[in-house]
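For reference, chains read A, B, C and D in written order, and residue numbers begin at 1 within each chain.
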Amino acid sequence: MATGQFKQLRRSYGFDEVAIVPGDVTANPDQTNIDFKVDNFTFTIPIIASAMDAVTDVNFAILMSKLGGLAVLNLEGVQTRYDNPEEVLSEIAQAPDTEATPLLQKIYSQPIKDNLIGERIQAIKKAGAVCAVSVAPANTKRLAPIAAEAKADIFVVQSTVTSAKHISKSYRGLIFPELRQSIPMPIIVGNCVSYSACLELLRTGISGVLVGIGPGAACTTREVLGVGVPQITATIDCAAARDKYLSESGKYIPIITDGGFRKGGELCKAFAAGADAVMLGSVFAQAKESPGLGYHWGMSLPHPALPRGTRIKVGTTGTLEQILFGPTSVTDGSQNLVGALRTAMGVCGALTIQEMHKVEMVVAPAITTEGKSWQLSAT
Amino acid sequence: MATGQFKQLRRSYGFDEVAIVPGDVTANPDQTNIDFKVDNFTFTIPIIASAMDAVTDVNFAILMSKLGGLAVLNLEGVQTRYDNPEEVLSEIAQAPDTEATPLLQKIYSQPIKDNLIGERIQAIKKAGAVCAVSVAPANTKRLAPIAAEAKADIFVVQSTVTSAKHISKSYRGLIFPELRQSIPMPIIVGNCVSYSACLELLRTGISGVLVGIGPGAACTTREVLGVGVPQITATIDCAAARDKYLSESGKYIPIITDGGFRKGGELCKAFAAGADAVMLGSVFAQAKESPGLGYHWGMSLPHPALPRGTRIKVGTTGTLEQILFGPTSVTDGSQNLVGALRTAMGVCGALTIQEMHKVEMVVAPAITTEGKSWQLSAT
Amino acid sequence: MATGQFKQLRRSYGFDEVAIVPGDVTANPDQTNIDFKVDNFTFTIPIIASAMDAVTDVNFAILMSKLGGLAVLNLEGVQTRYDNPEEVLSEIAQAPDTEATPLLQKIYSQPIKDNLIGERIQAIKKAGAVCAVSVAPANTKRLAPIAAEAKADIFVVQSTVTSAKHISKSYRGLIFPELRQSIPMPIIVGNCVSYSACLELLRTGISGVLVGIGPGAACTTREVLGVGVPQITATIDCAAARDKYLSESGKYIPIITDGGFRKGGELCKAFAAGADAVMLGSVFAQAKESPGLGYHWGMSLPHPALPRGTRIKVGTTGTLEQILFGPTSVTDGSQNLVGALRTAMGVCGALTIQEMHKVEMVVAPAITTEGKSWQLSAT
Amino acid sequence: MATGQFKQLRRSYGFDEVAIVPGDVTANPDQTNIDFKVDNFTFTIPIIASAMDAVTDVNFAILMSKLGGLAVLNLEGVQTRYDNPEEVLSEIAQAPDTEATPLLQKIYSQPIKDNLIGERIQAIKKAGAVCAVSVAPANTKRLAPIAAEAKADIFVVQSTVTSAKHISKSYRGLIFPELRQSIPMPIIVGNCVSYSACLELLRTGISGVLVGIGPGAACTTREVLGVGVPQITATIDCAAARDKYLSESGKYIPIITDGGFRKGGELCKAFAAGADAVMLGSVFAQAKESPGLGYHWGMSLPHPALPRGTRIKVGTTGTLEQILFGPTSVTDGSQNLVGALRTAMGVCGALTIQEMHKVEMVVAPAITTEGKSWQLSAT
């Protein structure tokens, strides 16, 4: 057999398939520094709330900023389509399962109101919080100037898959170096999952890259399109692109792993794989302060012809502060995420996130229950 | 240990175990060309409805042709054994589970009526549709002339496993070069799964190869015989045979991945693995216009001594047009298959099916749920 | 890391993880020859019923011989401990689950009656059947002469793990070359799973080797002892030992894969892995003619201090003839095992068992359901 | 792709993924010697009961010592915080599931009473038993002198992850060579999982190492922190460190695999992977004599801000003697652990634990059910 001509398939790995190996030296958790920087902004925790309507509204963005992190407001969601988004969010939460997708398709067919963009941004800024906003590539040229005028701090361009170069007959694609010239804010772009796509994005001069396609709780991209790379491999590959770009440009641009997180252990693994920060969706949709009222849905769901995602019930499990810092009586890893990260860094002897990037991981399938069967059947 | 003398086992992959990696360049979905050619026939969508009684009858074949694809009529099924096949199909749909297999064994024991072959073909042709018909190798010599006389357009010779050379004491096996001489239609042959078997079939001068043994929803070949190769590996291997044959003959003969498809993501992966078209069974059995009345069964099931397959309830989920082109509110990938393919090609920057053959895939087991557990428990 | 000093672990495979790749040439199933030879005995089907009390009694042995195969009578089971074993078998079948193991421990504590050994053997011989009997290594010296005197045809020495050399302070281990001298029958020995253990057994001059430790339906050796090699790897390795022994001695000694079979597909894979014959337990316990009355249990279960195995309900699914040759309406591969084997050989173009040894197999985990989910939920 | 710069992930294995290959020579189980030595102490069985409150109290330690093994008393658990620990243990057993974690957090917030340490140790010693006690690294300097004064025999320093060097600003870390000078007892330290971390610990001059992070039945470290290495790989790696240390120092220091054991087969695999002894928790919590009253919980569970572990119901299945030596009617491998070990050594022809270290193992996923499906559905 002439095997040379056959397509090669590389093995990739998700959160559930790897585990962190503790170090030869350990450290006190309170010794660790977990700062995260985007351009001139420094955050005391490397955790970002995602630009999803069930997660981030004005109040949530202010609270997240106060707690040391960052939340991104979606400029194409219900917050900028409705004067009173609470009503719409309540309607979504009350819809029966079978009607949720058509209802979302209808709600997101309303137009975006430019004036609401300014109002939301200013409400966040007025509270003294850092304001990050997100738009899809197709709407960037129209919405970026409005966001800039309202003095948003960080501008996120995000779609399921974003590349440095987009082919279209009907319109001229978004050129990131041009965008950088036109607005004064640092730009974060995503999502991507491969070494080469990430490197091409970094070379456009942006300030951050979002990593992850397909893994989120409210996303069915992999089922519908067959597209997606598990998060550990995606993070490892994009971290390698970041390091390559650092060596060729001298600039350290952070990569942010986005999607699929449910608990502290996964977050720790993302950093061990090379992430500078993580973006969480469904975990924060469980917070008492989140606007989703115990529900969560993906932002590519409302596509009128090819919805990808489902509305899911996530419940409300605690305050945002508890989710981030504890204390907690929950033992499944869904609360005190910062405590988990610092403890994991401690047992690895990693004093900074960049040291955490260097710790060893092994492939260790979760399928190996090893004595866990009692837990499952415990009553 | 003298390991050299031990049998080697190569790893193979199915749909659920791989994922497509998006490209460094993206493209607009409406920019993509997904034409599929068999000899002088060009279809605007690379999707074929399989020669199964729950999927293709005269009306379904006409509709599929109008929508740009192709449907294959089984010349050895109920359509050519019964003057009024609707009655029989209704009887199958109404049988209790425990009686379904014996009933099918009985129904398929009725003889094929030559006159019905002509009638069915002419009904399809009269509507202006492309007419493809299929027979098993054993009946090819008898039925091919009848199909030719009725002016069928494309002739499919199909069994679970078909090879270029068949050993038998009792009869002289089917010789494909001879068959090509005897009938004027392009011939598609299948199924096969390996590089060498596919290459031998291509060298007989046929116009297309069906790829896939064992993966279908209504097929238990792998349980009963232990035989079968998962579809991604089978497609990769047969695509390599196609490329080899192209390099030795200058002719590009399409390979058609057949069996096991449930949703758009799998279809996209088949093209990324090298397929020129896909053949769908159970997905189309779910169409409002399909003759199976919400049920589906494999054509090797009715074997009197060794049935392989089960009648399964697939339900009716939408019109054929919705399944192919949407729009849809279903988020599991079972509808708008063409939209899914074009979107996947877009995120990969592939403007043609042949460019789609070159995109990267990774091994990414579906077992890695990564945040999907909420979906499963969502109520 | 000095990886050189770390213990290496080789990957092994079971039935569910592999699949047979069809050949470039196919053949008619009725063209295939599936004869199996042990010394001067030739059987027309390569299938042996195991020496378990739920499977083989005098009547079953006679029937199996008539159908072309072989059944092995356990000389240490209920047939030689009880004048009227039917009573005891009925008691076992009627015991509640919680009492099954203690009951079996009690039943098998009764002594073996030498006179019954002779009676059972002669009953089989009188019917014109080939009579194979089995004993454990520890009892071989005592029971072999009795079996020889009663003119058994084939003598099987079987325990969970049998090696060519056994270390003991308290007694002198069984020496197979000595045993060969002392009794006139061909000797089959097992079980073993590795290349070297099998080769050492072959070098003692025996006439057949049983392959398989731990995989049986009624066996928990792997849970209790951690010992066992999946059947495909065990068969491949022992087939390599057989070929090695052939090259050094000129003698072709058959290997018999024993344990873990449930359906035709698995049986076909065992032959593709190199087996000359297969030994079935639980599949035959399902036969109308088997003495287990719908139940099955392992022969190492009754160990008084460390039972390994459970009594399981297997049900009664058909006659032995149906299980072997069909016809059947069952589509799960549990009936018409010979038809399945011949059909699989046909699609592989293998005309003899030895040609079947050469067909390609791939690793193809059953976990890849590929469209099988409908089957699971089909109602 | 510049793959050289990407993080590498090594495959690791747990109990369920491997199996022991029997040897070419077998031996009588009663021929095997399974002695285990720590410094000048020799135990006739290589099995240690873990320092968990549901497992070891004074009576259990005495019984375990009489039966030839060792039990470790936790000096920071309920036995040294409460004059009457039985009351507290009963309260834990009676708490509803939802209140178990907060209750444990409260119970373990009571201070340790120095006088109780002395009383417990002396009660064990008075009975003629070997007394092993355990403390966490942070409390070692305070509690070690008290344990030494009370004449404990073996001193265990144990936390989830313990390294030879700990970084802290707030206090001076524990220095094991200093500890060795200050107390006269042999010191066992753990837990660790990697070659290098184990080797560093061995080089501090201690007398034993505990191996295992994350696998225990009552532990969720891997979920919460993402940290952990499956036990087979951890044992293989640490056994390599032991052998390396032997070659550089001439001293053979035992490694003790700790956590995740449920049945005999797993224990046998740990020895085949290189363990000199095993430490069991949940299996012994099932003993009639254990203080947990049918419940079990991890000692890192009570952490007030980040609990890792759950209280689980394990039930009471037999006496400690039955669990260790049988006889038993249980066929799942949870009883007669010593019998299982000796039998496994027998089929491998291993006469000592060190010979057992050399037996072959294969990767053989438990997912390969091979005929086990009947067991699951057996009624």
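Rule of thumb we're sticking to: a contact is a pair of C-beta atoms (placed from the backbone, for glycine too) under 8 Å apart; a residue touches a chain by one contact, two chains touch by 3 or more.
All figures in this text were calculated on a predicted structure; none of them were measured in a lab.
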Query = So which chains are sitting against subunit A and subunit D at once?
reply = none
Key: Self-contact between copies subunit A and subunit B, residue sets same or different by half   = different
Message = If you average the CA coordinates per chain, which chain's centre is most distant from that of subunit C?
response = A
Query = What is the distance, in whole Å, between the centres of subunit A and subunit C, each centre taken as the mean of its C-alpha atoms?
reply = 55
Ask   = How many angstrom lie between the CA centroids of subunit C and subunit D, rounded to a whole number?
value = 39
Request  = Could you list which residues of subunit B touch at least two other chains?
outcome  = 13, 15, 196, 367
Inter-chain touch pairs (all) = A-B, A-D, B-C, C-D
Request  = Sort out for me which residues of subunit A touch subunit D in the complex.
outcome  = 13, 15, 18-28, 30-31, 195-196, 232, 236-237, 239-240, 243-244, 263-269, 272-274, 326-333, 336, 339-340, 343-344, 347-349, 351, 360-365, 367-375, 378-379
Inquiry  = Touching residues of subunit B toward subunit C in the complex: what are they?
reply    = 1-2, 5-7, 9-17, 97, 101-102, 105, 160-170, 192-194, 196-197, 200, 213-218, 220, 222-231, 233, 259-262, 282, 296, 301, 304-314, 367
